[in-house]
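Here it is: the structure, laid out below.
Per-chain numbering from 1; labels A, B, C and D assigned in written order.
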Amino acid sequence: MINKVVSSAHHACSGIEHGMTIMLGGFGLCGIPENCIAELVKMQVKELTCISNNAGVDDFGLGLLLQQRQIRKMISSYVGENDEFERQMLSGELEVDLIPQGSLAERCRAGGAGIPAFFTPAGYGTEVGEGKEVRIFNDKPHILESALTADYAIVKAWKGDKTGNLIFKGTARNFNPPMAMAGKITIAEVEELVEPGELDPNQIHTPGIFVQRIFKGEGYQKRIEQRTTRKKA
Amino acid sequence: MINKVVSSAHHACSGIEHGMTIMLGGFGLCGIPENCIAELVKMQVKELTCISNNAGVDDFGLGLLLQQRQIRKMISSYVGENDEFERQMLSGELEVDLIPQGSLAERCRAGGAGIPAFFTPAGYGTEVGEGKEVRIFNDKPHILESALTADYAIVKAWKGDKTGNLIFKGTARNFNPPMAMAGKITIAEVEELVEPGELDPNQIHTPGIFVQRIFKGEGYQKRIEQRTTRKKA
Amino acid sequence: MALDKNGIAKRIAQELQDGWYVNLGIGIPTLVANHIPEGMSVDFQSENGILGMGPFPYEGEEDADLINAGKQTITALDGAVYFDSSTSFAMIRGQHVQLTVLGAMEVSENGDIANWKIPGKMVKGMGGAMDLVASADNIIVAMMHANKKGESKLLNNCSLPLTGVGCVKKVVTNLAVLEIVKDGGFKLLERAPGVSVQEIKSATQGKLIIEGDIPEMSL
Amino acid sequence: MALDKNGIAKRIAQELQDGWYVNLGIGIPTLVANHIPEGMSVDFQSENGILGMGPFPYEGEEDADLINAGKQTITALDGAVYFDSSTSFAMIRGQHVQLTVLGAMEVSENGDIANWKIPGKMVKGMGGAMDLVASADNIIVAMMHANKKGESKLLNNCSLPLTGVGCVKKVVTNLAVLEIVKDGGFKLLERAPGVSVQEIKSATQGKLIIEGDIPEMSL
């Protein structure tokens, strides 16, 4: 019987090579695959194309890969919280493809769902729409966007079972499910790994068919970017 | 404060008129909105275009609307279990648009998601693809399919809360979530209706934003089309 | 001797690989589930919204909310998951299902398949068949070699309205295992036990490719 | 007297309707949540994946797995729901969110908006803004009437790279409420308390349409 469970990020990331395209789930630092990012740094794999909504901060998340100059190209919707990113981008070391957030999410889902292209109104009339086919539907111009896929998609879930079924928590779900669909190989790191049958089959967000490798991550820092609170009355 | 809760199928279906387009969730007789179908029969609303994966059986599900000649056009993927359907179709009383099941589901989701059209390989080279735009992606021909929407989408859920959040059970989920997204007005009938906050926000299948009216259905028959069993050893 | 339906299913089961996700159509394909090789784990997807489909329920334990695409009552195995129809076909269209087995009325030598419509007869619809055949990388057709009138179902060209174009990779019939080759033609891979190449030749209308000795299936 | 940021937010809150789903951008728009009229229930969507967003958590109760699109820690109200990014933008693109309020660097008299990029400066990205403005039926821009250099942000044509074309319906600034009319032009609807039509005129570079008496906002 095929076993999807691997013992660590080290085994999960095996096969990731220079020049590959990697999707990484997360929104800001929320729901990012911390263990695998640390492993990618260790592996010193370079020339990566990373598809991720954001690029981390200087000393965490994808910022760690930027520090080591492991990323050749970022495909993101917002990359604002990272000085090293800015430096590499302005110096031309780093190629950046900015995509509207909704188109990014839908392009990943489309990649996983076998839909090679779809029309969306987002970006029409802007530089995002330049060079793209325009068509009017319901009196409104739309542009044709293509699917995104990746050699590896790396996602972080709250709970997972050994068949790869995943459950996410709160807003840490974000890009993880659509990206999980779009990886040729999808790696899931989870906070809690259980036996098949322990998760309610009604409550699974990402069916195991989309996941090829799974492991229990360790030492999650779960950094908060903007700690906003109110005082008790 | 807006109240989405209505007291019965009668109130839920108010506004449905002759000639409207209605989506109805369900696969076979599994997960169909039994209460609202009965109400549509009572209302004697006619000339309906019904979008539903199947057309019920002779004496249940959409078969009840067919008996009363309330349906002008069916948009479905499979309509095989219904003699009255066959009679009306062959006599030309009933117009039928057959759509591949996956395209039907995706066209509903697209309608709800503001995606007016997308490419799919399903149906290329068949009569489903006739007259549709063909384009090659990844060396494979695809056809352009358009979104579906409806004046009303009627879905059946297991549990719902008063803000319209829905949870489905087993394979009774099927077409209900994509159709819930695609109704200008979406009506949900549920087996159990609870207060906001009683459902875990991580476990909701259809967010309440897609649902305009909700009520607790009654007297569910949940008929089984093919009762297949095995004997205890 | 020609195979019966169970024999066809048994032969197809030899094509399974450990860990595969598989969609089985109605009829002969359904029987494949009864012949999974020992020690192998295969996960069955039913397009109405379940992965990890189990056997029929025990009498009295049927659940109307738990059916397969044939509308039959089923059970769910440990590790099963339910999902909606658009997610289900995302799996299929996105080629996450490794093998699709389905029946056919006709298959052509270039891999076209017809299995949903007979002109002049009641049309029931294509259900999920067009999505399945258009998407799957690996499609095996399970069918009898001839129809009820004794006519070959393996043809130069399909005469019935198509379900999909150039998509079938392999055909397993009561007489033979045949691969559809790139330039067109049914390449004979195996004979049913006791069935001669000549019998297969005369039962096949489409271009049959016979290279070297054709072994018997080992079942 | 010109409004402060809170005043702008307060005026925009008057546009809310009971039961609406609303997406608030970063900056002034966020403040709108503090001014929901009594007895009205409005549901806030944050595009990273929550409906039913509540106030900031009490100190010590922050949850790293629960943030808004501005990456701030938040809470969830009863009836809240979490979803993934593709579902979130299905809501937005599918026009299920009734109102989008966002800031802008420039708005043109035909409803174009520029709010994501200044050539020569570091580009942070459009985030969800392009999806939001391209999709919403009802977009209100909340901004100061002039930029830090004192130049009008209400223009004949935007000079900065666009976020969306012909999409803004209404602008609420520190000086005025303006509607963008079909044939182009900022129709002056209301003045900030104590602000004269003349002041608004001289602060507006784009085509300003003034019909009849212009009332003061009632805040």
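As a working rule, contacts are C-beta pairs under 8 Å (C-beta built on N, C-alpha and C of every residue); 3 or more make two chains touch, one makes a residue touch a chain.
This is a predicted model, so every value here is computed, not measured.
Asks: Return the chains common to the contact lists of chain A and chain D.
Replies: Chains that touch both chain A and chain D, as defined above, are B.
Asks: Could you let me know which interface, A-C or B-C, is made of more C-beta pairs in contact?
Replies: B-C
Asks: Using Cα averages as centroids, what's the distance between chain B and chain C in whole Å?
Replies: 28
Asks: Return the distance between the CA-based centres of chain B and chain D, expressed in whole Å.
Replies: A distance of 36 Å separates the two centres.
Asks: Measuring centre to centre with CA averages, how many angstrom lie between chain C and chain D?
Replies: Inter-chain centre distance comes to 55 Å.
Asks: I need the residues of chain B touching at least two other chains; which ones are they?
Replies: 106, 109, 113-115, 120-121, 168-170, 201-202
Asks: Tell me, which residues of chain C touch at least two other chains?
Replies: 50, 76, 82-83, 89-90, 92-93, 135
Asks: When you check every pair of chains, which ones turn out to touch?
Replies: Pairs flagged as touching, ordered by label: A-B, A-C, A-D, B-C, B-D.
Asks: Which part of chain A faces chain B closely enough to touch in the complex?
Replies: Touching chain B: residues 106, 110, 113-121, 135, 137-138, 142, 146, 167-170, 201-203 of chain A.
Asks: What residues on chain B touch chain C, complex-wise?
Replies: For this pair, the touching residues of chain B are 27-31, 53, 76-81, 86, 89-90, 96, 98, 100-106, 108-109, 120-128, 141, 158, 168-178, 205, 222-232.
Asks: Report the residues of chain C in contact with chain A in the complex, numbered from low to high.
Replies: 18-19, 21, 39-41, 43, 45, 50-52, 76-83, 87, 89-97, 135
Asks: Taking the touch rule as given, give the residues of chain D at its contact with chain A in the complex, in rising order.
Replies: My answer: residues 46-50, 55-74, 76, 82-86, 88-90, 92-93, 112, 122-131, 134-135, 161-166.
Asks: Okay, in this complex, where on chain A does chain C touch?
Replies: Listed in rising order, the residues are 1-2, 109, 111-115, 161-163, 165, 181, 195-197, 201-202, 204, 207-210.
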